[in-house]
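Which chain is which? They are A, B, C and D, in the order written, and residues in each are numbered from 1.
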Amino acid sequence: MATYIQVDPTQKLEPFKSVKKLPLEEYFTSGHRTCQGCESALVMKMMVKAAGPRSIILGSTGCMYVANTTYYSTSWVVPWMHTQLGSSGSAALGTSAALKVLMRKGKIKNEPINVIAFCGDGGGADMGVGAISATLTHAEYNSLILMYDNESYANTDIQLSGSTPWGANTTFSSPGKVKRIMHRRWKKNMAGMMAAGHPECKYVATICMSYGLHGMNAIRKALAIGGPTFIHSLDPCPKGWDYDPYLSHEMGELAVNSGVWPLYEVENQVLRLTGRTEQIAAGKIRRVPVRDYLLKQGRFAHFTNDDIDYFQDKVDEMWDKWLIPGVIPFRKDVEADPPALN
Amino acid sequence: MATATLVEEQRATDKTALITGSEAIAVACKLADVDVITAYPIRPYDTVMQYICKLVANGEMDCEYIVAEGEHSQFEIVKHACACGARVFCGSSGVGWMYAMEALTVTPALRIPMVAMVGNRALDDPGAFGVEHNDALTVRDLGWQLVWVDSAQEALDTALIAYRVSEDRRIFLPCAISCDGAFLTHSQALVKIPSQEKVNQFLPRYNRADLQLHPDNPITVAPQGNEDWVMEIRRQNYAAMERVSLVLKEAYADFDRIFGRSYGNPFFEEYETEDADIVLMGMGTLSTPVRVGIRKMRTEGKKVGFVRMRWFRPFAAADLAESLGRFKAVGVIDRDYSFGSPYMSGVLTTEVRSAMYSAPGPKPPVLGFIAGLGGREVTVPDVEKVAGAVYQAAEGKSQPLTQWIGLRE
Amino acid sequence: MSYTELTVWTRGIIMDKEGRDIVNSVSAAARQEGKHAQAMENYVDNPDRTNAPTRKYCRVSDSVLENELTYENERPNIVVLVEGTMVKGWDYMRGMPAGGTLIINTHYSPDYMLRFVPGLERLAQLVCVDAAKLADHKWLYYRLGELGLDRLSTEGAAERSKLLAPDIAAPLIAAVVKTTGIVQRKTIEPMIANQHAFHAAFEEMRITQLNPVAV
Amino acid sequence: MGRLYAIEVIYRGIFQKTLATRITRSIVLAAHEEGKQGISFGRYGDSPERNGIPAKGFAIVGDDQKTLEEGMAKYEPKDVDVTIAVDDTLCKGVESWAWYGLQPVNKLLKPGGTLLVTSRQQPEAILQMAHRKETPYDLAIVKGTVSFSGLWVYKDDHTDVRILGAIAKILPGLFSLKSVQKIIVDQWNDPVKAESAARAYERISSVTVQPGQGNPEVPYKFNLPKWHEMGEGIAIPSIPAGTTMEDPATHATGGFRPDRNPTFKKYTTRTMRPVVNFDTCIKCTLCWLQCPDSCFDVTPEGLYDANMQACCGCGVCEAVCPVKECVTMVNETEFEDNASQWEAWRKDKAGYEAWLADKIKSRPERSHGFRYRGQYEEQIPEMLQVAREK
């Protein structure tokens, strides 16, 4: 097969073998203005620890812009630039294209440089989905788009996004005397959509930094594989989810172990459930009830037992009926009842 | 040896080609060795991207040519490329320019020297292809340099000048080159295409210097600001815009020296003004019917001149006011509108009136005319009608301050 | 002082290029002869639609063109129909001053075509030339859609290579040159890609002279 | 011209947002009962609030509308009659997330104004934290467990009304107890809350703080540069790469200490701090790795020393630590400085052990938000009991 896509060499990033073998250096450090226990700040730290110093980071509007970099102060060691709310895809593409052409023309030194653009769920799953989708089709530009999903527009005061779970209390969906459930949309399946819709994208993964080594290795793979890649990270948000900040780590574990947040990667079109999710799917560990996850969060404090049951049913459906549990929402029933052929 | 000399000679000689305004800008991009270009379709500007596509496909130009999925991304992509040190080109028209508005706002704020072409087009609704200047004018307050050209030659030359001025470290502001839809973008004219050698002599390589986003230059760009900072940041852009006039004059002088083409006063061009009683003003290709009208009126003994604004931002208020003070009355023809503005006139009229207010010299009456909206032709009789009204004002007779010309009434 | 308007009617997309070739090469030749000339498309027809009638204009003058920014040719002296069936259905003759020329790409004779022409009384000559056949593109008549695939841009922006120089349009240009003298044969001839068709057309075109009456 | 009153509430972002809003709103409403005009607002720059990061709310009241207008259209008043700190650890200083430098808690107090603190501590403990001021002021303590809750579920433990009752006593010109009780019943229809306000009114007392008293430390300041001194293109230098650490005992170098943001330190966000038992540490890396604020310095021997300028006290390190009482969160009021624990341990292990044993007696009595459904209902009776104690 002829090759039409010319991909520049990427950095060689072997997986970190264990937490004890991690580099000590930090490229995103202290003094950001995030909440106590901010899991998204942790994602930033681990993301750039995984990438290393030869990286350029683009950050779209959101908590990780406003809180991390308030003018005249920054937490970034590596170069960082703001991009507009819906522009993480465009920022990754433009930066990568510039590096490619400037290196080709000899205007800057030819070397692999990581390009990472991050966005929140508002900037990614809502406003920026078009630009991200476009970037994932530009196979010749190396970049990673990382969506840190704290399940609301957390920076503007916790308004619901397309990534907010069903029924959650947000400032745009606060329960009232007559309507208890103001948010009736199910969370958008962003990673699945990106994997299914962009056949030339070589790597899509879901991560949760409660499993830091797993998450960092996914980032290293995404950066090394070449071409545009996408990672969706679920970040517990102590402010918007309303839980005591010290529970951030545990909340991420509960999201994975209850099956609400399946971990998987799609590498060169091959899908693999990973981490705890793989063990759940293999029957090695049992999913914990979503009740254990939901009742620890103030944003679900208005839920009745019926609401919790509905939530559990939807998660069960995701596991029991989806073509690939937690990933592809087509129903298995289709196979059981194939359309008649003449 | 002989062959080499021949090639040298050919490269050193300007060629003449019959091309449209859009193609002239495409040629300028090639000569400027632009690094990253993003395209998205909308008439009439998009012909420039079709030409560039061919230049790339034919190996005449080496750049990243990216087709975006919307104007917002189109402008964001080049914004980021430019922040890394790439020379970039972009463009749009009408509502496409509007769709990119967020990116257009941040580009000057970030001191990104992007050069963009606006194929001027009426804003929706109704969807129309014809020229109107309101699209480009929406960025007039944001730190964009704005220039209107009236010929394909000027489009090419101005694009080269725009790169030189915008990428000057003293400036680092974006520049939009406005080309009237149809009349300039789609109309072919003979254009002198300068040699690569001359262009290289005129236009240094873009150097992002201390602001280059690269691991060797770890900077944090555009953190969130608050009331403690924003005024100071705006003041810096004010200073940069203030410096444009000086740098622009340097560039035009160099352009004349290297290419042998002089544009006189870079900011505005005067036609038949030396002995004029009254002058008309306008921007872009409006100059053609106005010049024809003036020649006709001069055969009838009417001494009418014309001042064509070239650079709208920065606006050469003092120079202009001094020049206009020589005449008995001024008629400004706007191919745009500013509903609800003082005297309900067009944008240029408001600016000219404002420039006259603080001028030390005489202040002739300034009449505003709105004409040619949505690409409607401005005819010679229209021009005569405008001149007639301006004569009335010059003679001290009362005239409405804003008049619509060429309207069915 | 002489001033001539040439209006070409063609079919959108599939024969867009032929129309453009005619006005572009005529205006380029006129400029070479030291005249003032302009070629353009009808802006409002674009982006054109497959098969929809589309206009291209050329203006040639001894003096500066003062109507450069007028969208349409209001008084065409020469009208060319790039596709034969365009002879029916609308008034492509409107505005033509007495003594005009109509050129049609068709294998029919002028006498046959005359019955379809509106405003015939203004016409000094009707010229028929079988351009597709002369240019050796016989399939033009039954595989129009395929031809369209070859023509990328409706705005003419993408074509600038030699391959796209006058080919099927060559016989029509020959007809314009031979019957109107808007430009000289020797100036325009070097620009023609399909020299064979251009030369053959000079011999094979059929011209019917008429008696124009001023209206 | 009448009198203008300004009252500020300094609170922990989000955790006490509802509490602070209830207080400032109620002040305006109670004063309005007596014919005064007022406005209530949060400091705009503090929003979007971050969990735990100090924030401010204000109530500005004038005897009449014209007087009030003198205090309007400002982000914050120049000085205030009463500063209310609804968390005692705020007395260490206020570094709001959009500001530069650290403001003493009593910075805006007028001479003779009152600092009102919610605390279980005695005045001496508060004055160890609050910076010295050039003019005398009063310190009053509303006894009780500090009230924290999250964004969605409010812990209605009467802290709001007890503070309102105390203000009626401290600043009788602003409003009477009667007016406070009226608006409490109007708003919440709860006579028990009105009673709580009355009890606070009766019990509140204050001490006068003289200029020499208080924390002598000079808080770090930041001077805003002029426009031409700032870099162009909204660009600032990134943080430099970090360095290795040096052992104070052996002078061996190794490990890693990241460079840190020099203009925002975040430690005033802290209400509790981790103390580390270095002897039981198994170097599992989890506290270091999972800390969202990169506050752990890696020592030459591979231990993890929480940097107290960077730590915001979220408690994740304690939560992830697999060893019992290796990392323990301790009430911030127990500490007077931000010194390195590891250096103290390296210099004097026995002394450190004693110090550690003493500190971990003071586990925080506050939880920082929602943990499980029904939690607040369980906590409120105990909190009210503490509030009733002398």
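Points worth noting:
To be clear about the criterion, a residue touches a chain if its C-beta (ideal position, glycine included) is under 8 Å from a C-beta of that chain, and two chains touch if they have at least 3 such contacts.
None of these values were measured; they are calculated from a predicted model.
Touching subunit A and subunit B at once are the following chains: D. When chain pairs are compared by contacting C-beta pairs, A-D ranks highest. Spacing of subunit B relative to subunit C, judged by their CA centroids, is 35 angstrom. Remark: subunit B and subunit D have CA centroids separated by 55 Å (rounded to whole angstrom).
Computed from the mean C-alpha positions, the centre of subunit C lies at a distance of 84 Å from the centre of subunit D. Centroids built from CA atoms put subunit D at 33 Å from subunit A. Listed for subunit B are residues 218-223, 225-226, 228-229, 233, each touching two or more other chains. Taken residue by residue, subunit D touches two or more other chains at 98, 100, 225, 230, 234, 236, 238, whereas all remaining positions touch fewer.
Within subunit A, residues 53, 66, 70-74, 76-80 each touch two or more of the remaining chains. Pairs of chains that satisfy the touch definition comprise A-B, A-D, B-C, B-D.
Against subunit D, the residues of subunit B that register as touching in their complex are 109-111, 172, 210-211, 218-223, 225-229, 231-233, 235-236, 239-240.
Against subunit A, in their complex, subunit B makes its touches with residues 33, 35-36, 38, 62-64, 66, 68-70, 72-73, 76-86, 102-103, 106, 205, 213-215, 217-226, 228-229, 233. Residues of subunit D that touch subunit A in their complex: 13-14, 47-53, 97-98, 100, 150-153, 225, 230, 234, 236, 238-242, 255-256, 258-266, 269, 283-286, 289-295, 298, 307, 309-310, 312-316, 318-320, 329, 367-373. On subunit B, the positions that touch subunit C within their shared complex are 18, 20, 22-23, 43-44, 46-48, 50-51, 53-54, 58, 129-130, 181-183, 186-188, 190, 285, 288-289, 292, 375, 377-380.
Residues of subunit D that touch subunit B in their complex: 45, 75, 98, 100, 224-228, 230-238.
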